[in-house]
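Each remark here refers to the structure printed beneath this line.
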Amino acid sequence: MSDAVVETIELTKRFGGVTAVDRVSFKLRERELRCLIGPNGAGKSTFFKCLTGQYPIDHGSGRVLIRGVDVGGLKPHQIVRMGVGIKTQVPSVMNGLTVMENLWLAARRTHGWTRSGAEVQRVIEEVGLGEIARRTVGELAHGQRQMVEIGIVLAQEPWLVLLDEPAAGITGAEVERLVGLIRQINATASVIVVDHDMEFVRMLGADITVFYQGSVLIEGHVDDVLADARVREVYIGNRA
Amino acid sequence: MKVWPSIGQMRWGWFILGAAVALAWPLFFDTYTPTILLVWALFALSLGLMWGYAGMLSFGHTAYFGLGAYVYAIAVVNMGESTVPLLLAMLIPAIVAAIIGAMMFYGRISDVYMGVITLVVSLILFKFMSATAGDQYVIGDARLGGFNGIPGFQVLNVPGLPDVSLFGVPLYYVAAVALLACYLLSRWILARSFGRVLVGIRENETRCELLGYSVPAYKTAIFSISAAMAGLAGCLFANWAEIVTPSVFSLRSAAEVIVWVIVGGLGTLVGPILGAIALGMVKLLLGEQTLIDNSLVLGLILVIVVLAIPRGVVPALQGWYGTRARIRTQRAGHMRARRRTAAPTAGRPS
Amino acid sequence: MDYVAVVVLEILYMISFIALVSAGLAVVFGMMRVINLAHGEFVMVGGYTTLACFRAGIDLWFSMLVIAPLVVGLVGLIVERLVIRFLYGRMIDTMLATWGLSLLLIGIVTLIFGSSAVSVPTPIPGYQLGAYQMGGYNLFIIAVTIVLYVGMWLVLRFTRLGLIARGAMQSAEVAASLGYNPRTVYMVTFTIGAALSGLAGGVLAPLTGLLPSSGGGYIAQSFIAVITGGAGAVLAGTLASSGMFGTINQIVSFASGPVLGDIVMLALAIVLLRLMPQGISGRFFRNGQ
């Protein structure tokens, strides 16, 4: 097999008559940071949910391999248990619980009962959540909750991290801190980031894959891709 | 350091006080009514554990209470000695709940469907048991008896000594110990990872799934545990009443336990217990007069609580205290935060 | 041959019975996604209203067809204003509050009429079908159900009220964009749903007899008919599932007694709910609290 951490082979996802993802073959190398971008409805979020097991992969609609294991038919929690950390598009946190409790639940699966407390402390310091550690997550501002969710991913110590729109609703200095955190995650894990925000993607400075109408339009380093005329047309043109 | 304020902790002082009152009660007062109040409290505790902490509302939890009662009656009629029937009265509801729970939760049905299905299960049992009047409906030596139920079975005895029956004050002690033990068991569950994950599931099922927890397995497990507790309560109820009738499966009975729990409070263990005891007393008092129907009061309470204090009385009181405390700490916190943000933040080199 | 006719008529009656008691719930659930656990008691109150009017000397037909729907519709309006409107979007809380209402209504009716069974006379005599004595009133029930469903379909399809209703079924915004306050639409819908339940209760009273607790008998059947029918096409769905459950109920009942018929029907409903959680109505329910 190849050395790919994530590999999709001719992955297709249809909803009724609509083909949201159309025969996408994709590879993510070990320790790679990759951004998936594309206009609304390009299929990147559907593609993401096929990777996480939230959408089942239909029979004969291609394959998804994570470290060589075919994850078609696995439930999300089984994929996560392989060592995958997932942050979904809408901030998905346990609103009624405190930040520490959220992190503890994340740490518990990987680290067990005895080490989870220490892990929570480590993550709180790394992400800079000390001020709000004892607050109930539901009371926090949107950007803070995004950070809590990054912390949740960190606490799992995954070797593959899938982030769906981590920069949504985050502004200014927080974006810079987020970029730093993603780079830090990337030091030990392969990362896929789905995002709209061009500025954010540029700051990450990684390779990007552009989705358009369910297929991969172009792949390459961010600077090269953004200079490409086709990308300007379908993506940047649309946004203007 | 408290990592889990959302669950709360075992308050040993209060527990010992409560246990002392419960255990000393028979020295001074009559036990007939208190026994049934403790049984109802245990039933409410079983639902409160599941609903308040895992966020799963079984509309027909009385099915497992009733199963416990029927299983005990049928088994003890056949066996004579009460130890195995007592265990079966917990085991069989647990198994039934595990099957129904697995069917529901692995099918990923919503909480509304869960309400409908659990309610329909208790309706089925009610209809079935009411229709078992004929001679063909026997299990071993036990006639199911239709609407009239099963009367006159043997009550609990000291394990291994079929002649030493536990009735009156001893039954009170059995009920009290059962309630205290189930309370401790619930506290223990909540202090483990299992309980914390349940609370996580209550707050956000999808997130827990994406943290690697098998949500259906957790839900099925707590449903089954809760059903076992309800079954134990049902078994004790059968011993207190000395008869089991299909009314244990009725809509009224299903509604009662929900009212006890929601009035007492969600997300606490003591709330459902107190709710059951207080409203159980109201129910018994209302039963002594004919002017006001019991349903009327029960319904009125349920409507008012859902509208006015949807999380119940005990959490509302806790919240009231908590808010006062939090306002104080938050004021201090805001001052700290203000001082912090006044200092210049270090810029990250790009 | 006569026997076949009897069986077919009985099945038709059962289907009509389920469809009739489900109509009010179907309207409320289909348009508002509100599960009204007091629905059975609305039907029951319709029955008692008919009884009270009849005892007061009012014509029985007028009592069941006009007064019962009006009175229960008024009850529905009061309930919506005092309780339901505060709970839109909180499905479990709505179920709990309406369950409380159901107990409350049982209590009130017991207070007024007592808890023993009472009956309303059947205004249509029976007739002879070959060797079998048949209830003529059953035919009336079938006719009422057909008229009711055809009427509802016509209203939904061809009137402005129906247009608004269909808009509200899609989403509250559609109703708003048509220039109507969704809250008002909900209020009217709940009132109409209650009135339909009252009609069902009034019409069925001569057949079923009356008890304050008889609402519990309707709730299971109407519930599973409406919910398995689905919220997408609520009238057609309710009719279809009424047809299925009614047929199965009667066939099992003929084979082995009425109680087993009910039990098989309920068990089948559970299986169906399990098999179609993402079915027509399931979609609206996930995380729908």
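The letters A, B and C name the chains in turn, as written, and every chain counts its residues from 1.
Convention: contacts are C-beta pairs under 8 Å (C-beta built on N, C-alpha and C of every residue); 3 or more make two chains touch, one makes a residue touch a chain.
Model, not experiment: these values are computed from the prediction.
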Key: Farthest chain relative to subunit A (centres taken as mean CA coordinates)   = C
Query = If you average the Cα atoms of each chain, whose average lands nearest the overall Cα average?
reply = B
Task = Starting from the mean Cα coordinates of subunit B and subunit C, work out the distance between those two points in Å.
result = 32
Inter-centroid spacing, subunit C versus subunit A (mean Cα positions, whole Å) = 48
Message = So the centre of each chain is just the mean of its C-alpha atoms; given that, what is the distance between subunit A and subunit B in Å?
response = 40
Request  = Please give the residue numbers of subunit A that touch subunit B in the complex, ascending.
outcome  = 52, 75-77, 80-81, 86, 88, 92-98, 100-101, 104-106, 108-109, 113, 117, 120, 131, 134, 136, 152, 156, 173, 176-177, 180, 203
Query = Across the complex, what residues on subunit C touch subunit B?
reply = 35, 83, 86-87, 91-93, 95-97, 99-108, 110-111, 115, 216, 219-220, 223-224, 227, 257, 259-260, 262-263, 266-267, 269-270, 273-274, 277, 282, 285-289
Query = Contact residues on subunit B for subunit C in the complex?
reply = 57, 59, 103-104, 107-113, 115-117, 120-121, 123-124, 127-128, 130-131, 205, 250-252, 255, 258-259, 262, 292-304, 306-307, 310
Message = With touch defined as at the start, can you tell me which subunit B residues reach subunit A in the complex?
response = 1, 3-6, 193, 196-197, 199-200, 202-204, 206-215, 337, 340, 345, 347-348, 350
